[in-house]
Structures are given as structure tokens and as C-alpha cells.
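Note that chain A is present in both complexes that follow, paired respectively with chain B and with chain C.
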Partner chain A sequence: MTPATPTPVIEAHGLTKVFRDFWRRPKVRAVNGIDLNIRSGEIFGLLGPNGSGKSTTMKMILGLLYPTQGTLTVLGESPQNVATKARMGFMPEESYLHKYLTPEELLRFYAGLGGLSGRHSRARIGELIEQLGLTSARRRQIGEFSKGMARRVGLAQALLNDPDLILLDEPTSGLDPVACRQFKDLLLDLARRGKTILICSHHLADMQDVCDRVAILLDGRICADGSVRDLLRQPDTLQLTLRGLDESNLPALLSIIERETGCRPDVDHTGRSLESLFVETVTRRQPGP
Partner chain B sequence: MPATLRQCTALVGLSATELLRQPVCFLLTFASVALTVLLPMAASVQLGQQGHLARDGALASELVFGVLLAGYASCVTLHNECLSGTILTVLSKPVSRSALFLAKFLAVTTILLLFILESTAATLLGTRLSPVFFELDTLGMILVLVVPLAAFLPAAALNFYTGRSFVFWGHLFLALALILAVVAIGFVDREGQRIPFGSLLEWRLAPACCLEGLGLFLLAAIALSLATRLNTSPTVVILTVILFAGLISNYLISRIPQNQALIFALRTVLPDMQSFWPADRLMGDGAVGFAFFRRSATYAALYTTGVLCLGLVSFRNRQF
Partner chain C sequence: MNFHRIYAIATVTFRDAIRSRLLGSLVLFLMLGLVALPSLIQGDGSLPGRIQIIIRYALGFALFVLSVVTLWTACGGMAREIEDRRFYLIASKPIHRHEIWLGKWLATVVLNAGLLMLAGLTLSGMLAWTLHGSGSGSPAQDAEIRQLLLARTTVPAQPGREDFEERVAQETKTILESGRAPAGISAAELTHQMRRHLLRLEYSLAPQGSTALIFPLPHDRLPGREATLLLHSASSHPERRPFVIRWQLGRDGQAMSFQTTNYPAAPWQQRIPASVLSADATLGITLRRGEDQDPATLILAPDGRTPELLVPVGEFGANLARALLVMLCRLAFLAALGLTAGSLFSMPVAVFVSFFAIVLLASAGYVETVSHSGAFYVAHEGPQPGLTWLDAVVLRMFKGLNSVTEPVLKLDPVPLLAEGRLVSWAMTGRAVLFLGALYTGVIAALGTALFRKRELG
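On to the complex of A and B.
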């Protein structure tokens, strides 16, 4: 018996968006007949240069823009269905937040919009403020925040109603590497809990770290899509990792490989990422709680 | 509380709070109040009637600053949020565009209500301070000069010690201080002698200010509908043109040759702002009668509903 295919959370066929000028003449074809099938519990990345149609696609999924052609269903419903949005969370590209409010006031407001009741919303707000490191800034106006802090507040409002589908537009922009790592860990944790996540980003390394599948958009069309692992695999190249090898044995090992396979291997030490070095250094230097 | 009502309360509350924290809204209100209260002190002419200048000046100030406030607040709460993208986050929640649009209107009317309350108090103070036979009310003047101090010092202290918004609390304290000033001055005459409360205040101006408030609600509906597509400058300009065209609409229409269709169209489109301008009715000892007020209120309600419906269609079709 084959395992059941996960339910599609976002399904688009021939999705097209044409922006028109004042005289209703077509001006820009921002999205051009794309097909998408994002399944429950996966982290899906939409990549592409500026103007490739990523944000337009996301806005159509949110029902903020109407498709010119094609079909689109989100959680089995039309994106214009207001009730469906109770199961969605959205963090926009810029932290479009009310700058005169404090994080607590803002989250209380969004809890009211999401229909969270008093006691439940207070508990959830407290939990998110602590989880996202906003405790010391909970009573400051958001207008005074750095971009990274504002992003955290933006994420907190997106997660407030514990949504099934989370849409994130450039989520790591403006975050320092430690916050970025925490953020990615949080996304992976959410995915483990069965949440579906759609991310638009330019930060390819971050996408590579968290996404299960990606699609690359260019001029409104999908140029490549698939699992990150499949897309990045070079079928004619194999990597062999040896831990604890005494380097004096290396020449003998290389000659055996060359003799048996006819291939001359490239040898190098495995490097760690700059991000992991930074996070480790900063974490080590910071005083504990 | 039902979910929809809770959503609307949250939307109105937040939008009104944001507007109350807008320095420009605060400055417009304060400028109107200051002009209303200070103009009678500087007045050296009576225009043939005691308190005439103070009264007409106060009503004109309420209308002009109210129009600016309605236009600015509508654009800040709707158009600027569309431009900045704040509205995207709100609409990503289970909130219908209709509920959001109507909540924005209620938020603007909340700010206008506060403005009307402050204007009414300032008008009562201003007319009381207006010189009688060129003799100023010194006691009243001192009281009026204390009002901003009484409003802004606690707001500044709150800001300094707790970091709360000076503009927000200054706005609220100003309203409170004005009401207290009216109550205080209501108990004394120009010489400081105790009198029955309010016997020297022109209470007939209160319904007149409220009548203007109805006109401001109507103009706020127009401003909000315009703000679905236009930014602050064109909205305020169009609103000002509508105000003045509405004030002279009867004259304009009377100049048109007998063309029933055109007259009907103009009467439908142009708001009859004369229904909300009470100065003529206050000449001598006149007052805004209940029947006139009721007729104007009905007209304002119908016109506002119609304009809001058009604005709603425009907002529902707007793409972000």
C-alpha cells in the first residue's frame, strides 16, 4: 500500500496576473500561467529576482489581488474566502506595522481580528513575546524599533492564531545571524508540527537551509521547481566524507581510489558555514540568562 | 461578544488610537480650539451685535478645521495604510473589506466627535470671553490660558515617567480641561461672583456646533470614499471644493436655466451644506430648532449612507 499523498494546501493552475494602466490596457504581465501544488506540512520556497512575480503570487494567495486568469485554491477554498484566513498567517516583506503601537497593543489588536478570546489571547501574546525575544521591548512603540525587532513583531502577529498555512515574504531580511538562525529553527519546528510554510526570499542560503521544495520564478514563469535536494544534486559527482582520518594515510587511500575507479578525487577539509561560526562565537561570548 | 463585533471594536479602537496619536490631528484640533478661544480676546469690533464675531468665528473655525481634520484623518487611516502596506496585514486576517471600511469610517467619526466636543466647549468659552462694550473678561482669560497647561503638563509627565504618547494623552486631557473650564466659568460672572450655573453661557451654540458636526460626518464619508483611491492633497482639495460648492449650492442651482434633469442631478450630487451652517439661524436670539436639526440629521444620514456605499464599492475593487 502506497502512503497517501499529502493534501494540497495551495493549488494553482495557469495562474496569471496582468496589471493594467488607467485605460485598462495591459501594462505588465507579472505572473504568467504558473502551476503550483504546495502540500500540507512542507516548507516551500519561491525564489526569483526582483520583479519576477513572487510577491504578486503571494498577494493572490492572500486574496489581496485578483487573478486575471487561471484557478487558485487555498486550503480548499477561494482566496477571497474570509473565513479561510483564520487558518492563515502572513508576514509581509516590510514590517507593515502600526508604528504608534507597542508590540503588546499590536498583538492584542490582531488577536481581536483573529477572533481569539480574552484569556486565550493574553496567554498566546505572552508566549510569543517571550519566544521571539520581545520581552524587554513590549511597551516601546514599534516606530522606534530596528528592522530586525520589527520583523520579530511581524512574525509574532503571523503566528498569533497558530495558523495551518504560514506565508512569509522575505522573512530573514534585516535579522542578525543569531536571530536568523533562531528564526530558521522556529520554521523547522513549525513544519515538524504539520504547518505548511510558503516563503519568498532572496536569501538563497536561508532557503536552502529550511525549504523542502523550491520554485524559481523569472518574468512571471516558473523556470525550475522540485525538492532542494534534487535540484542541487550533481548526479556525476559523489562526495565522500571521512571523519577522524589520519592524514598520513591519505596518499595510499587516494591511489587506491584512483586505481580502482580511474577518477582522481579532489581532497579538501570540510568547512563549516560562516553563519554557524558566527552564531557559536556570539553565543559563547554572551552572558547566560 | 460575537466575533464580528469584536473585530469591528478592535478595528475602530486601533484606528482611532492611531489617529489620536497623529501629531497633525492634534495640531489641527488645538489650532481650532486656540483660534476659537483667542479670537474674541483680540476682537475690537462687534459687527453690530454683541458676541457676533466670536460666535461666527468659532463656527467657521470648527467647519474649516473640521474639514481639514476629516480629510487628513481619512487619508491617514485608509490611503496611507494602503500605501505603507499596513492594510495588507489586516486583510490577511479574517476581516472583510466591508467591515474594515466601515470601521475606518467609525474611527474617523470618533476623532471628529472628540473634535466637536472640544470645539463646542471652546465655543462656549470663547463667546463668554467676548468683550462686552470692549471690556474683556479677565477672569475668563486667565482660566483659558490655564487650560493648555492643565492639559499638557500631565501629558508631558506621563510621557516622561511612563513613556506614554504625549500627543494621545494631550489630546484627551485637552478635552477634559476644556470641559472643566466651561464648568468652572459657568459658576462665576465677570467679577468673580457666584451665579447659577451656566446663566452667562450661550447654550444655544451647543446644538449649532453639533449641527456642524453632522456636516463634518458627511464630509468625512466623502473623504474616506475619495481616500480609497486618492492621497491626502487631492482629497483635501476636493473636499474643500465640495464644502464651498455645497455652501452655495442653492445659489448655484438657482442660476441654472430650467433644466429639471440637471437640477435634479446637481441636487443629488452636491451636498446641501447650508443645512449644516447654523450662523444665519443664530442671528439675534435665534437658535437651531429641533425640527431643523432633525431634518439635517436625516439628510446627513441618507447622504452619508449613499456615499459610503460608493466608497465601499471602490474599496472592494481595489487591488493592493
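On to the complex of A and C.
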């Protein structure tokens, strides 16, 4: 028996968006007939240079822009469907937040829009404030926040209604490496809990860390798409990792490989990423809770 | 429609206004203007004059400032929030666009209601202070002061001839049939002119002549309060000489008689004692010329404005409350107008469009005159100039605009309140119905439809 195909959460066929000028003449074809099929529980990345149509696609998914051509369904409904939006969370590229509100007030406001109220809303707000490290700043106005702090508030509002579909536009921009790592861990945790996540980002390393599948957009068209693993795989190159090898045995090992395969392997110590070094260093030096 | 979501939008808009110090600055500016502006205006030195100035300028200032601020903030509330993309987040939540629009409108109206209440309280305080400082003390003075702050209904004099309207119709018909009517003048305008002419004849005091003014008294008049007779006058003689008038108040002159000397071309106010009013449901006043030598005729309805009796029917507080409600309806309409413009245009364009609409409304008086007369210019001498095709097109536009503006034309409560006239429930109802509900509703329907169609990208 073949396993059931996961339900498509976002489905687009021939999705096109043409921006027009004042006289309704076509000005820019921002998205040009793209097909998307994002399945439940996956983290999908939309990559591309500036002006490639990533944000326009995301805005159409959110129902902020209307497609010129093609079909688009989100959670099986039109993106304009208000009830569907109750199952979605969105964190924009900039934190377009009310700068005169405190995080608590802002989250209460969005909870009200999302239909959350009373004890459940208060509990959820408290939980998110704590989880995203906003406890000490919960009563400060957002206008006084650093970009990173504002991004945390932006993320908190996106997760407030425990959405099934989460859309994140440049989520890690402005975050320090520790926050970035925590953020990526959070995304992986959400995906494990069955949430579908769509990310637009320029931070390719971050996308590589978290995305199951990606699509690369250029001039409004998808140039490449597939699982990250498949796209990055180099079929003619293999990497052999040996842990605990005594380096005195290395010449003998290399000569065996060369003799048997005819290939001279490149040898180097496996390096750790700068991110992991930074996170470890900072975490070690920070005082405990 | 979900009221909780509308309330959430209204609350956050309101909170933004407070935290951004917009509300605080506005309150400060409003209070300063309310107190300072009337004190800068020199009156005639009398207490009634001072009170008129305080009411007219304080409320006029409040209405002007709040109108400008309402339009500006309403335009900004939509246009700027679309431009700075704050609506990205809100519109991505489970909320209908019209709920966002209504939430913004509600916040603006509630804000204005609060500020109007503050203006009303400040005005009441200023009036109390002025009256207190005028050195009242004796019962006569207190009674005098009590007379100042009243809501008086306007009762126009009824022509003594019962067939007056029939006569107007007959005379108009005769002119029309004889072909002596100016070219291009409408039958309605001709009737209007004829009524004015006959009223002038009706209320003329020829040498040694007399005229009777009859006023039906309202049933709800306040007991023990005197009324005021307002007369506008002109003399048939170019020289401005005083006229001696002998008054008889009450039926057959039983109640009271006295004599005054008045100059023409200045409005007269004659106080009518309460004792005369309580006697009957109708007040009759007979005016006789007192001097024998002057050959001039005194005209008491020079512009077709009949003599008016102002009869107290209510207290100032309730009148002020109704006036504030009418003003609030106007501001609610402006808020809808600003939000609608902001839903469609960018901030500067939205503000320009809104103010243009206000200018159109402000010129409604001229539009009304042109629409009723059917001509841009009425020639009083010589033949009436014909209409060009452009005149005809503009006239048609004016008539269309007039049909929109006419119901709200006379909805300005400030002069009424300043003159101590009644802001009636009928006027308040008209303001609520036309401005607060119908016009605001139409604009809101248009605004929400535009906002729903608008892409937020």
C-alpha cells in the first residue's frame, strides 16, 4: 500500500500577476505563470534575487494582491476567504507593527481580530511572550525596540492563533545568530508538529538549514524547484567522513583509495560552521537563567 | 459583520491617537482656542453681545478645527497606513475589509464625540464664568441673565389676510399670462418674488397707518419667560429718520400698550413680557405710526423676511446638546468622506479630494440660488440674457448638486445657538437622518467597496 499523498496546502496553476499603470496598461509582469504545490507539514522556501516575484507571490497567497491570471487555492479555499485566514499566520519582511503599543497590547489586538478572547487568549499571549524572550519588554512600546526585538513580536503575532500555515518573509533578517538559531529550531519544531511553512528569504544558509523543498524564482518564473537535498546533491562527488582516525594511518589509507579507484581524494579536517561556533561561545558566556 | 473585530480596530486606532500625542495636542489646542478666540473679539459691550460672541466663536472654532482634523486623520488613517504597509498585517488576519473601515470610522467618531463634549463643557464653563463676572445679584439682573441662555423657537408672523397665498398665486398667474415675466425665470422663482413683494405691502406702515402682526404661540413655551420680537425695517425715504411706533400687545389692545422710537435699516428687538404670552394661544400686536408729519412709509418686511417672534421653549443645556449632536453628525460625515478618499488615493491626493468636496458643499448656497432661479444672473432691468449650452450644462450640474446639498444646507447649529434660537429636534433628526445615516451610509458603502477592491501591495 502506498502512503497517502499529503494534502496540498497551497496550490497554484499558471499564477500570474501583472501590475498596471494609471491607464491600466501593463507595467510589470511580476509573477509569470508559476505552478506551486506546497504540501502539509513541509517547510518550503521561495528563493530569488530582488524583484524576482517572491513577495508578490506571498501577497497573493495572503489575499493582499489579486492574481491577474491562473488559479490559487490556500488551504483549499480562495485566498480572500476570511475564515481561511484564521488558519494562517504571516510575518512580513519589515515589522509593520503599531509602534505605540506594547507587545502585550499588540498581541491582544491581533488575538481580538483572530477571534481569540478571554483566558485562552491571555494564556497564549503569555506563552508566546515567554517563548520568544519578550518577557522583560512586554510593557515597553514597540517603537523603542531594536529590529531583532520587533521581529520577535512580529513572529509572536504570526504564531498567535496556532496557525496551520505560516508565511514568513525574510524571517531571519535583523536577528543575531543566537536568535537566528533559536528561530530555526522553532521552525523545525513547528514543522514536526505538522505546520506548513512558506519562507521567502535571501539568507541561503538559513534556508538550507530548515527547508524541505525550495523553488528559485527569476523574473517571475520558477527556474528550479525540488527538495533541498536533491538540488544540492553532486552525483559525481562523494564525501567520506571518518571520526577518530589516527592521522598516522592517513598515507596508507589514501594510497589504498588511489590504487583501488584511481582518484586522489582531497583531505581536510571537517570544519564547523561559524554559526555553531558563535552560538556555542555566546551561550557558554551568558549567565544562566 | 463582527462587532468585536470592529471594536478591536477602533480601540487600537484610539490608542494610537492617544500615545502618538495627537489627542493631547488636539485637546490643548482646542481648549486654548476656545478660551482665547472669543476674548480677542470686541463686542458691543453688552452682556447679551458678549454671550453671543462666546458661543459663536467658541463653537465655530471647535467645529472648524475638528472638521479639519477629522478629514486629515481620516485620510491618513487609511492612505498612510496603506502606504506604510501597516494594513499588510491587519488585512492578513481573519477580518473583512469593511470591518477595518468601520473600525476606523467608529474610532474617529468616538474621538470627535469626546472632543465635542469637552468643547461643550468648556463653553458652559466660560458662559458661567462670564455671567458670574457680570455682577449679578439683584433678582431683576438674575432674571435678565436667565433670559439670555434660552432656546427660543422662531414664530414668523402670519399675514392678516387669510387669502394671502391665494393672492400670491393669482398675481403670479396674471404676470405669467400677461407675458410680463422676465425671460428664463421659473414659475417657482416668480412665485417666490411675488410672495416677497406682497409681504412688503402687507407689513408696511404708511403715514398714520397701522399693521397687525399675528403670531400663533407654541404650546410648549416656557411659562414666565418673555419673548422677543425681531423686526427688520426699511424706509421708503432715502434719509434715515426715526419713526415713532405705538404698540398694542394682545387682542384688542387689552393687555399692554406703549410707544417706541426706532430707526429704519437696523434690526429691532422688542421684548414681549411673559404676562402677554400666557393669556392666549395667539399673540396679536398692532403697530401704529406715532408721528404725523413724516410722509415716508416704513417697510417691516424689506427682504421678504417677515417679523419673527422668538418664544422660549427650552433651556440652554438641552439646546447645546442638540447642537453638539448635529455637529457630530457633520463630523461623522467628514470622517466617512476622508476614509473613503483615503481608501482610494494616496495621502495628499485624498486630502485634496476631500477638501474639494467640502468646498463644493460650502458653495451650496450659491448653487441653491442658481438652481432655484434657473439662471446665473437675473437681469432686473432690460431683457434676461439667454443661456449658452455651457450655461445649460453647468446649470444641470448645479441642480444635481443642489438636490444633494439642499437637505443639509441649513444644518448649521452654531448661529442658532448664538442667537438663542432653538436647535429643534426636527433639525437634529434631519442631521442624524441625512448626514449621520444617509449620506454617511452612502459614502461608507462606496468607501468599503473601494477598500475591498484595493490591492495592498
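Criterion: the second predicted complex is superposed on the first by the 289 of 289 C-alpha atoms of A that agree within 3 Å, B and C clash if a C-alpha of one lies under 4 Å from a C-alpha of the other, contacts with A are read in each partner's own complex, and residues count from 1 in each chain.
In this text, a contact is a pair of C-beta atoms (placed from the backbone, for glycine too) under 8 Å apart; a residue touches a chain by one contact, two chains touch by 3 or more.
Keep in mind the model is a prediction, meaning the values are calculated, not measured.
Engineer: Overlaying on chain A: chain B and chain C, fit or clash?
Structural biologist: Here chain B and chain C cannot both sit on chain A without a clash.
Engineer: Does chain B (first) or chain C (second) touch A:101, or do both, or does neither?
Structural biologist: Both partners.
Engineer: Between chain B (first) and chain C (second), which, if any, makes contact with A:56: first, second, both or neither?
Structural biologist: second
Engineer: Per the contact definition in the header, classify A:90: touching chain B only (first), chain C only (second), both, or neither.
Structural biologist: A:90 sits against chain B and chain C alike.
Engineer: Tell me the contact category for A:110 with respect to chain B and chain C: first, second, both or neither.
Structural biologist: Both partners, chain B and chain C.
Engineer: Considering only touches as defined above, state whether A:245 meets chain B (first), chain C (second), both or neither.
Structural biologist: neither
Engineer: Go through the superposed model and pick first if A:82 touches only chain B, second if only chain C, both, or neither.
Structural biologist: both
Engineer: May I ask you to decide whether A:139 touches chain B, chain C, both, or neither, giving the answer as first, second, both or neither?
Structural biologist: A:139 contacts chain B only, not chain C.
Engineer: Quick one: which of 167-175, 185-193, 257-265 or 365-373 on chain C sits on top of chain B after the fit?
Structural biologist: Of the candidate stretches of chain C, chain B runs into 365-373.
Engineer: Both chain B and chain C contact which residues of chain A?
Structural biologist: Residues common to the chain A contacts of chain C and of chain B are 59, 62-66, 82-86, 88, 90, 92, 94, 96-98, 100-101, 105, 109-110, 112-115, 141, 157, listed in rising order.
Engineer: In the complex, go through chain B and note every residue touching chain A.
Structural biologist: 3, 6-7, 9-11, 13-14, 17-18, 21-22, 84-96, 163, 165, 319-320
Engineer: Would you mind writing out the residues of chain C in touch with chain A in their complex?
Structural biologist: Touch residues, chain C against chain A: 2, 4-5, 7-9, 11-12, 15-16, 19-20, 84-86, 88-96, 455-457.
Engineer: Touching residues of chain A toward chain B in the complex: what are they?
Structural biologist: Where chain A meets chain B, its residues are 59, 62-66, 82-86, 88-90, 92-94, 96-98, 100-101, 105, 109-110, 112-115, 139-141, 154, 157, 161, 167.
Engineer: Touching residues of chain A toward chain C in the complex: what are they?
Structural biologist: Residues of chain A touching chain C: 56, 59, 62-66, 82-86, 88, 90, 92, 94, 96-98, 100-101, 105, 109-110, 112-115, 117, 141, 157.
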